[in-house]
Amino acid sequence: MSTQTVPQLLRQQLAILAESDQRIDGRGRWEMREIDLEVGCLYNAEGSAKVTWGDTVIYAGVKFEIRTPYDDRPAQGSLMCGSELRPVAHRKYDPGPPSPESIELGRVVDRGIRESGCIDMANLCIVPGEKVWMVVIDIHVLSDGGNLFDAAGLAAIAALRNATVPAARFDVGEDYQLPVSLTPIMTTFTRVGGRLVYDANEEEELGGDERVSVTLGDTGAMHSMQKGLKGTFTPPELAEILDVAAEHCKNLRELVDSKVN
Amino acid sequence: MSTQTVPQLLRQQLAILAESDQRIDGRGRWEMREIDLEVGCLYNAEGSAKVTWGDTVIYAGVKFEIRTPYDDRPAQGSLMCGSELRPVAHRKYDPGPPSPESIELGRVVDRGIRESGCIDMANLCIVPGEKVWMVVIDIHVLSDGGNLFDAAGLAAIAALRNATVPAARFDVGEDYQLPVSLTPIMTTFTRVGGRLVYDANEEEELGGDERVSVTLGDTGAMHSMQKGLKGTFTPPELAEILDVAAEHCKNLRELVDSKVN
Amino acid sequence: MSTQTVPQLLRQQLAILAESDQRIDGRGRWEMREIDLEVGCLYNAEGSAKVTWGDTVIYAGVKFEIRTPYDDRPAQGSLMCGSELRPVAHRKYDPGPPSPESIELGRVVDRGIRESGCIDMANLCIVPGEKVWMVVIDIHVLSDGGNLFDAAGLAAIAALRNATVPAARFDVGEDYQLPVSLTPIMTTFTRVGGRLVYDANEEEELGGDERVSVTLGDTGAMHSMQKGLKGTFTPPELAEILDVAAEHCKNLRELVDSKVN
Amino acid sequence: MGGYGDVKLLNDDGSRLDGRAIDEMRPVEIRAGVLPVADGSAYVKHGLNEAIVAVYGPMEAHPRRIQLQDQAVLDVRYNMAPFSTSDRIRPGFNRRSREISKVTAEALSSVVLVERYPRSKIRVEIEILSAEAGTRCVGITAAAVALADAGIPMRDLLVGVAAGKVEDTVVLDLDKAEDNYGQADLPMGIMPATGEIAFMQMDGDLSMDELNTAVEYCFKGAADIYELQKAALKDRYNGGDSQ
Amino acid sequence: MGGYGDVKLLNDDGSRLDGRAIDEMRPVEIRAGVLPVADGSAYVKHGLNEAIVAVYGPMEAHPRRIQLQDQAVLDVRYNMAPFSTSDRIRPGFNRRSREISKVTAEALSSVVLVERYPRSKIRVEIEILSAEAGTRCVGITAAAVALADAGIPMRDLLVGVAAGKVEDTVVLDLDKAEDNYGQADLPMGIMPATGEIAFMQMDGDLSMDELNTAVEYCFKGAADIYELQKAALKDRYNGGDSQ
Amino acid sequence: MGGYGDVKLLNDDGSRLDGRAIDEMRPVEIRAGVLPVADGSAYVKHGLNEAIVAVYGPMEAHPRRIQLQDQAVLDVRYNMAPFSTSDRIRPGFNRRSREISKVTAEALSSVVLVERYPRSKIRVEIEILSAEAGTRCVGITAAAVALADAGIPMRDLLVGVAAGKVEDTVVLDLDKAEDNYGQADLPMGIMPATGEIAFMQMDGDLSMDELNTAVEYCFKGAADIYELQKAALKDRYNGGDSQ
């Protein structure tokens, strides 16, 4: 399904549904699809999670590497989060270097986690000025059924909360659980049929407009926002979705809590 | 304007004009377009220049990096000159890896400066065998109105003569002006309507043939030459343009002198 | 000759020939084309060979570099074998990054040599834990007239057996001949006209099917095998070609022996 | 965002280190039509940031697979010149510039009347010559002026402007120190005539109340820049700068 | 292959370190139809290896220069996820994955009835999520099931399976230690119904006799995996897993 | 150019370190038709430099966007084999080889009758097997012979030859030491029959008088190489080397 065919019929159908406050798969405007979360599912990853979110399937894996710290932060480790949006995930994805979509996904998830302060970089120091841990989160999308951002964000934080620092394998002490003090959660809203809805599915994304993603921390503070795709929104619309976001973030955080520890 | 359309009508017009010793913009055969030179115009560059040469606009910026010297020259710094011919500069340029045109431009400007000996690499040593300065000149073409070579060469040497070595920022002493003892100048001739002219503009390049660029030093010695594009020339033609080159180099060197120090 | 034109007429002709046990160039089923081997032919290579095998022409050059050894093998050097299948070699090859064909060729030759154990990596140690030699074999195909694998394998081992370790140039002692204790030889069989033949030429490859390459060591043991291209074969066919392979490997090994030392 | 409270960013009188008030922007200067061979162009200096934008098109979109049947494609490149920052940047795109190019293209597509030019392409080349903090916003401000200078029809101009948080205080238009050591950054792309938001990113830590203040400051700043954009275009059509 | 005899890989009773017999495979688990948006898909766990394969197509082959006039092109990518190994792998293709992709595509082309779909393309995406040893074989086993799940007609299923040599003994299905310290590895792609070989590589040191034994073990292992493949497909058509 | 007077490059009798006179070339050997599958080919040994060139075409130029409506495109690649220099070169193009490929293509386009083959492409593949100094000139000399061997019509053959300056003395055909430690290098591409210059580069330090002498030496050297080129082609047509 190439970006060349703008699906006018689908857009019309979505607009008609929206007039009577309906969605194409029968959900309410702010209703989430069914999701499943597994943690610790990847043998060679130090932390891992599999999220099945409607027709979207995403794995996140955490690996650790030892690095020399940056000169200006000799006692701090680092974090890197990348995403691969490979051809396995959908007919529409081509092989080749990382697409802008793939880069945006990784960077938005990265900012949500990094800015929440859930990982204290000082906890990742091994020998100040010499050796620190770099935590690498790789997001691997296997099936794109819509709303990759929220599924990827959930997989990433769940994989982190499940992660063990492999100190023994690197000969720098005993393994220990990666300290993750907070659970930032992303929620994404998409304009479909003229109004913003939560958790758009594949068809809604295809016939929809702009997307707004918000990452909220445990105390309800915002840690990242990202508006993407063509379209605009207004300050009152922003206020409305932030209220909905708060509720969903709470529920999803409880889901993560129930699966780890 | 793709290379696919060979502009036969333009070539005929240029040939007719040449028969009566005329050029398409009214200039004489060896006449230069109006030019403007600003130095020190870029906030974050350690040396900078902006050249407006007819419809051509080029910035050059000088930056410094600290490197380990080469084994066989432990007390010598190094110089690097690169050019970016990006899509901003003309409808005809595509994004992507550096084009052969872009590489040639950077390398020809680099050779003119390097071979003139205007920078004594021994002056760029900080700690012999350990730390030396690498001077990096980046040529950034914003508008290609013809004769990029001469405009780029002028911007590069003007930016160098304006440059301050940022020793303080790198904690290796106090800032000082980069010693530049000479002012090599490039002049370029293009076959237009069957004869060589100086400083071809965009249309003349489009309907013209080969290009010959010569860099002359303060004493009149040649430091670099480059013949490019399809076409040939004869030794007598070379002798003729070298005479013209000498005169223009002198004037342009005076322009640089008037703007720095 | 692009992969787009599947040469049905050629396939038919090859099938008809095969019925009467004939080949397109008059050879017998297991007969090799005429070959020529030169060693020590490249001035700047530390070891070199040129193989002319029918219409196939391949150079192999050996260079040495000094590296830090791997942590888990502090007293062992390393070996790298790469191939360049560049546009010079045939109308069908395009410029650009290494093609899968080029990568496969290099890796199969590499495995044949590496797995034979002909080079004792312990002989490539200079200072344990600090400096070891890396032997680099570059296979440079100049003319692809068919059966690149066998010609490349032959060029590689001949170049190795001809190689001198350039210790003096690197200031780590005196030059000495690279110790190469064995002479692994590759033989390749291709399905042409429905049956497997040895040493397919360019036309037979074009109108043929799968390829099976076997590298045998001095004692007759197998060190690498590779099945490539579309097509299948059976265990009895494998047994048959292994017998033929043994005979050719012996003869080719004698050819190498006659050219080195 | 970097540190939290470990660097002093506000003076005792509540003003900022460079003397600006909490809701005061750095000086802004805008010129249209600064590049001779482009179809449209603009220069923006915002604080110590400097950006030049060239627009080419509409032109045929090729290769054909990038064409859209019912609208123009905006082909936007955000590029930092190697000498635009304190440490030299290696030429070429990186992950950061690719993300900014993508979201900037999407924001500009929201204001340009792209449906007027089906199957075509409009190239927008954003070159950052000097970077202080907030270059993506400066690029958006300049791109909108360059598009208008090229005669591309738009629903409104678009203004790039940011607010942020330093020492637990919301401020307009972070400068470099505030960006490095502040607590939050909220770059926005605002259509002042309609009050719509076409571009928004955020990182750091911001409560709902702080967000409201930050958005309010951004709208206020956008209104001021909007006037400068319109003046630059007016000046250009009145025979102003063509170099 | 790595060392030769310097690591003990067989117990005194002739069994292997993990207790398997010489000709015994690691446990294998196969599921078809595991990815919602793909046209066909499969999951295979073989020992600690885990692979997921998605198939898309047949679809028009573009760019046109990759089209074949009389058959479909199999566009196969073998990719190891960054977290699939002990040391993280940088994303993107490397020489090893390109070679495996090539020979896997050629092997699958030998069993798919490619002549049914001239000028078209069938995409086969092999993703290795966890690697233990033998991932190329696991990928082939999974790819064949995913192709069948997508309804692509084939002459037979294809089974990936390997034999090898440790401590001068031929064994079926090397695990990680055996792969690292063994003397030979022989991965094969076998069509169990016809007894044909569509895929074969080998490295190490193997006499003719040892090769015969190794091939025999591979055929034996392939017969077992074949049953699991068919069961997974049957289960899928009987309303089994669609994720 | 490297040093200035710090290395002795001339003997006391005015001859050069390798015994050559000031205006004497290194030995040159030329053969045509050395590669079986190319449409034309040539081998040139010049001093210790060795180059082989293959020519393919004229053929259809694709992709179509590289076609010229009224002439053929010369698609020239200058490539140094990894083993052609003292330190191994990583395979693939670098900035130097791209520049040489560009100016070589432009020089050859000036002698080939490209207008005979509109919309087509002629591929010229220059492979440097051993490099001593002056490889770009050797590549040009070989390319001209290979083009003629392929039957491509040309206005004249083209000869690559260089002069330079060592110890303040102009000399013909720099060898490696002279190239490394000399004061100037002037590689030229000369059409001996017409006296035209199709290729020229220079770097170092050269007065106008010195330039005149250097050009004169180059023309002299070109005349000698021209005879060898013609002899190689004649030999080829008389049933000489086809490998």
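Per-chain residue numbering starts at 1, and chain names A, B, C, D, E and F are given in the order in which the chains are listed.
Rule of thumb we're sticking to: contacts are C-beta pairs under 8 Å (C-beta built on N, C-alpha and C of every residue); 3 or more make two chains touch, one makes a residue touch a chain.
No experiment lies behind these values; they were computed from the predicted model shown.
Participant: Along the graph of touching chains, what's the shortest path length in steps from subunit A to subunit F?
Facilitator: The fewest touching-chain steps linking subunit A to subunit F number 3.
Participant: Among the remaining chains, which ones contact both subunit A and subunit E?
Facilitator: none
Participant: Could you pull out the chain whose C-alpha mean position is farthest off from that of subunit F?
Facilitator: Comparing chain centres, A lies farthest from subunit F.
Participant: Which one of the chains is farthest from subunit D, going by Cα centres?
Facilitator: C
Participant: Centroid of subunit A to centroid of subunit D, CA atoms only: how many Å?
Facilitator: 26
Participant: Nearest whole angstrom, what separates the Cα centre of subunit D from the Cα centre of subunit E?
Facilitator: A distance of 51 Å separates the two centres.
Participant: Between subunit B and subunit E, what is the gap in Å from one C-alpha centre to the other?
Facilitator: 57
Participant: Hey, how far is the Cα centre of subunit B from the one of subunit C, in Å?
Facilitator: From the centre of subunit B to the centre of subunit C is 48 Å.
Participant: Which residues of subunit C are in contact with two or more other chains?
Facilitator: Residues 98 of subunit C touch two or more partner chains.
Participant: Make each chain a node and each touching pair an edge, then name the shape: line, ring, star, complete, other.
Facilitator: Looks like a ring, each chain touching just two neighbours.
Participant: Could you list the chains in ring order, beginning with subunit B and heading to subunit F next?
Facilitator: Following the ring from subunit B in the direction of subunit F gives B, F, C, E, A, D.
Participant: Of all residues in subunit D, which touch subunit B in the complex?
Facilitator: 35-39, 48, 50, 52, 54, 56, 59, 77, 79, 81-88, 91-92, 123, 125, 127, 129-132, 243
Participant: Across the complex, what residues on subunit F touch subunit B?
Facilitator: Within the complex, subunit F contacts subunit B at residues 1, 65, 67-71, 95-96, 98-99, 101-103, 106-107, 109-110, 186, 191, 194-208, 211-212, 215, 219.
Participant: Can you list the residues on subunit A that touch subunit D in the complex?
Facilitator: Within the complex, subunit A contacts subunit D at residues 2-6, 8, 98, 100-101, 103-104, 106-107, 111, 114-115, 117, 210, 212, 217, 220-235, 238-239, 242.
Participant: Contact residues on subunit C for subunit F in the complex?
Facilitator: Interface residues on subunit C, with respect to subunit F: 42-45, 48, 52, 54-57, 59, 61-63, 65, 82, 84, 86-91, 95, 97-98, 136, 138, 140, 142-145, 169, 202.
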